[in-house]
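Look for subunit A in each of the two complexes below; its partner is subunit B in the first and subunit C in the second.
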Partner chain A sequence: MRIRPFEYHTAETIKEALTILEKYGTEIKVIAGGTDLLLAMKQKKILPHHLLNLLEINDLDYINDEPSEIRIGALAKHSYIASHPIIRNEATVLAEATGMIGSWQIRNVATIGGNLCNASPAADSAPPLLALNAKIVIADSKNEKNLPISSFFTGPGTTLLEPDQLLKEIIIPKTKSRRKANAYLKLTRRRGVDLALVGVAFHGELDESGEKLKNVAIAMGGVAPTPIRALEAEAELTDLSYEKAIKKIPIAAKAAVAATQPITDIRATAEYRKDIVDVYVRRTATKVLNILFNKDG
Partner chain B sequence: MKIPLTITVNGERYDLEIKPNRTLLDLLREDLGLTGTKKGCGLGECGSCTVLLDGEPVKSCLILALQANGKEVLTIEGLGKGKPDPLQIAFVEKGAVQCGFCTPGMIMTAKALLNKNPQPNDLEIKEAIAGNLCRCTGYNKIVEAIKSCAASTKR
Partner chain C sequence: MSEFDIVNKSYPQIDGLNKATGKTEFVSDLVLPNMLYGRVLRSPYAHARIDHIDISKAKSLRGVKAVITYDDTPRIKFGPRSEDWTILADGKVRFYGDEVAAVAAVDEDIAEEALDLIKVEYTELPAVFDPVEAMKPDAPLVHENKENNLAAEFKIEAGDVDQDLKNSYFVYKDRFYTNQVYQAYLEPMGALASVDLSGRITLWTGTQIPNMMRITYAKALGISLDKLRVIVPDYGGGFGAKMENNVHLITIVLAQKAGQPVKLINTRFDDFVGGNPRVAMYIDIKLGVTKDGFITGKDVHIVGTNGARTVYAPVIVATACYRPDSLYRFKSVRAIGHTVYTNTVPTSCFRGFGNSQMTFVLESALDMIAEELNIDPAELRLKNGIGENEVSIHGWKITSNGLKDCVLLATKKANWNQKRKKRKFFRGIGLACCNHVSGNRAFAREFDGGAGIVRIGRDGNVTVYYGESDMGQGQKTVFAQIVAERLGVPLDIITVEQVDTDISPFGMGSFATRGTLMGGNGVLKAAEDAFKQLAAVAADMLQAPPDEVECKKGKFFLKSSPQKSVSFKEVAEMATFKRAGAPVVGVGFYKPPTELPDPKTKYGNISPAYPFGCHIAEVEVDPDTGQITVTDYVAANDIGRAINPMAVEGQIQGGVAQGLGWTLMENMALDDKGKLINPDFLDYVIPCVMDVPEIKPILVEPVDPEGPYGAKGIGEPALNPVMAAITNAIYNATGIRIKELPITAEKMLKKLKEMKNKIK
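What follows is the complex of A and B.
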């Protein structure tokens, strides 16, 4: 499978990149790791006349630990994120999810920015970031804006981004809770290297007294046109003690299933996807509750 | 329009001019004649095109040659320069090669693993080579071969 000819551009700064984007508008696509884009170009699904390589932009692959937030540059690769101590400690669910993307070779080139901008409903980095209330920074040649990631995805393969805009960085707020825990589970057709059929991220925290659950967040991929939160399911578990929450998990799982609108496709039926959401919400919730309340799971 | 590209392959520096739509795999196999690296699916799935880019295993069919500008590439030919690498010997001795199509990619991934983690356990080996498909061996002998090199590098 050949790639159709195109004109190649490269930039060393964001500013330079944004100027090039502004000039070529809809004629140009940006390429980061290329693991989604080159595939689409080989399959002739996307045929850009111009390509702008982002990989030579200096210093956009950082993970910065700041007092109240963690900042991840759009070009950070999954292998770097998954093994980074700050992410493993502060955003375990994201380390887990990025560590499950593709194979080692894919994680060494594929970027978190590419994963989000490609906007697959099953993109593995999306549910963890939704559950952690992450923000994204979008830049164009005039200014930068900061948005909740929940507003970023607009449908399968589409986002808020205009052709002359770049995703610059992802911001994960740090919570002030004394104790928090989170987990990610994904179902694939094959073991190992595959896109998620369903992905579930579960996050929870302990309140001041250390006795009740708060800030429960459940996010799911592969079960709706975009990655989504399960707000009703979260409410079912909020403010409960360990014993009450554990009993309530099956009800929360049902509420999470109710929030999905999965499709039947070649990879799985809608019914199967719903069943898996039910199972995975129960499993991730149990795991997180056991960690939070120091129980042996 | 061709674009200049500077790339080091197996220790040798090349200053080339190349069309932007060529992948790193096209460059290696067709322009440099290094056909040890195999082209299987061309879609990032099978791992037969695995090479090391600045020491990290990558799938060369899904990277533009120009995106490797200024970088160092190691292919199976560079690994076996002069005398075979211990991994190559182990693959032969343990019967980890049947048709051999997956072998160069498999060995490059294994090499990167052993560079990072000289004493990997079975699970770590299996996770590392999860992106390298083999239709022939059933993987057991491949894991064995990699493991035998881990042991033989022990001091």
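What follows is the complex of A and C.
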């Protein structure tokens, strides 16, 4: 389990990084925290001839609070995100999810960009970002573009990114609702340092009247080739009052289960993953509804 | 106030600071000049014929110094218990991970690259992985000459079981399965080997049995014993696994072939597929009781997985057959144990040594019986528990015995009575007891016991040599405390040397929870000898008869007039001068009053002392996800007098955490081709700190007549009751008894659903 020799590059600006990427194309991989990449290299799943270190790039690990959005640099570490007051207030679900990644040691070195670009179907930061309708900014040496995160993942371990592109930042739009709440639940085999067998993020908001649910978003990890949204389940709950929504939760949960296509592997059977989606949608939905409507549940 | 200065007091491990600060040199850290790095090529098939091996490309890779296959080894059949080993595969591989070839190179990268260049052609053969399947007449044979794949059969019988079961008011019958688990020590197995010009080999390795291993290895290498020296540096844990393993011998053959020292440390993958994991067992039990709860007869049949060659599985299955028979007053017992070859990794010792497997079964059965009879499970144990100064059904002489106190104190601390009465949904509390040994004469056949050497030089510093093995459990600290107490000196002038077969006593090793009692008695006797020599010199200096002098806190003084004193250092210096420079060397040994069990009846007292325990677990089960949380844990263990209470607590907490992992999550999973699919800590899940509740140890300390300062052992009984304590608590919480370990959340949910459907 040794790492094969490679040539090491480092960049101090994004521009420099993108130039190097353009030069080496498929021969090069970028490395941020390395907590996914180095493992894959040890296991010989990938054997890049060149590595480009991103961590020396100045100021790409920010969390910026702007009037209509929050911007997170791709190099922001999970421990920083999980404890950041803006994230904790404005995007609780992301703080919860990143706070559950690996261990303290992992969260102190691993980046959100790496988590997304590694594109594990179970990546913990993905369901919250999907539920929050986040956008991502992709850069190459010629330009920058802005895409909804829902279009980013293309399969297990694959994304839209071309070899000469970088994920630069993540944008979480701020909604103008009177009230919003969200929550994340993650199924693991033990209580720490484990991947998500299933991850469920639930987001909801109150409409202007303060009586009905709107902008419901349910996103799930570990249950399909990519992290996914459960659009039909969301529709089941949209525009409902508290009482009606609470009653409707089991049906929404079933609809969420129907949106999944989990696999059976050593970690869990497909059937168990579906059972857990059902439970976790019910639990996160109940929690979020109780917060939104000020009920103690 | 304790009657002791050093013993029975909590001290941090004497090597703790070095370990915590990274200063300790473990086996993996050792480096010799010109040292090469070794790697093993392992079989990708569970069973296959080797048609051809081409090593030419690997040999010509720059930096490669040796490539070996079976033909480069002495080609001797050997094994610690059965001669079914060869150093590398001889024409056939028998498990996924079997050793096929090995290389030594100037660095690890080249060694690994060379492995890829060895081309092996195989023809796959039909394989068998389950021991019950393997016993069937048409099963593929793992070894052509082993009919029905039987590695060993063990039978034991005492009393009339058939009659007793017939006359019982109730007989509980069931089949249990304990799965294969990995010891998950911090440092993988491995060794450093060096060969001198005369051909004499020095092997540095983390081994629990340096002397016994040396005998097996000398045979394997076709050399006389004196040609092999084994040194045991600090090493990162063992839990039973670190006994004989081919990786050490491969290291030696590589060093011989290369003419340079070779270090070969398993990668974690190699260690998972080529280590010595726990013996998986199918256990059928029939257990009878009278109407008022007295155990009558017990009838057991065990089928255990040997793996593809025999390490110690047969003795482990034998132990499962009868060890807990000395926990209660059985009228009659019978057991048959079959140890069966399979195309899987060879299995061996793991904390509990078969007793843990059987304790899980027996204590589960008792729980069911308690329910059937409507007796409190604690009361059932108290009613049947063997007492002080009793002889068990197999002739074990139980002397000190704190079983009853363990049950009483644990139930009190856990608030057992109240909690059993007040049932809460999906919360439960469960209890289990255990016994064990402090040394096992049936395993150490030539002799049993322990010995020590205590050397005091001119400077007055004390060096202790022992023959067991400290893998991190704290033997060195305990031995230092025993010697310091006996000499009457402070702990910090004592050094405990690594075991070196050229210097140290011939110790049997660290297994069977024997270290503290056997090795501890050995160094105690040596300290006594040294003390006598020093006391004679001190007496001269103080102008008094030797039996008038005593030593405390590093000062010799007269019992009658303590103000007349001379320091330990001065006495040591005087002793050295008087003997023209010779240090004071105390030598001593302890021979336990044990018996080799009768070969037929297995009757005989196998250990000088027997520890006991009672553990209570509380659990919470999530009815929707099946997740099980152990919320509270009380562990009462009878350990004789604790030499170091803090170290005992550490052992208990570690044992409970390890048992918790086995019960709830750990499993070595094979695919349908016999390939281990989770050879890493990503998917071989062991508990992390958040899975383990606060474990509340209770030390029950009846002074044992044989133990050093009254101490018995703790290593294994710390784990033995855990599986049943937790599963009994799960039963209490849910009414569901899962009889196959581990009880994962998914398994639990499946059973909960089945139950719900039944109720509907």
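As a working rule, the second predicted complex is superposed on the first by the 297 of 297 C-alpha atoms of A that agree within 3 Å, B and C clash if a C-alpha of one lies under 4 Å from a C-alpha of the other, contacts with A are read in each partner's own complex, and residues count from 1 in each chain.
Following the convention adopted for this analysis, contacts are C-beta pairs under 8 Å (C-beta built on N, C-alpha and C of every residue); 3 or more make two chains touch, one makes a residue touch a chain.
Predicted model, so just to flag it, every value in this text is computed and none were measured.
With both structures placed on the common chain, the touch criterion links A:102 to subunit B but leaves subunit C unconnected.
Of the two partner chains placed by superposition, only subunit C is touched by A:269; subunit B is not. Greater residue coverage of subunit A by touch, when subunit B is weighed against subunit C, goes to B.
In the superposed model, A:179 lies in contact with neither subunit B nor subunit C. In the superposition on chain A, A:6 makes contact with subunit B only, while subunit C stays out of contact range.
Subunit A residues 1-2, 4-5, 103, 192-193 lie at the interface with subunit B in one structure and with subunit C in the other.
Every residue of subunit A that touches subunit B in the complex is listed here, in rising order: 1-8, 10, 31, 34-35, 38-39, 42, 51, 53, 55-56, 79, 102-106, 108-109, 192-193. Taken in their complex, subunit A has these residues touching subunit C: 1-2, 4-5, 103, 187, 189-195, 266-269, 272, 275-276, 279. Against subunit A, the residues of subunit C that register as touching in their complex are 108-109, 112, 267-269, 624-625, 665, 669, 677-678, 682-683, 685-691, 744-746, 749.
Looking at the complex, you find that subunit B touches subunit A at residues 1, 3, 19-23, 42-45, 47, 50, 53, 56-59, 62-64, 66-67, 69, 109, 112, 127-128, 130-132.
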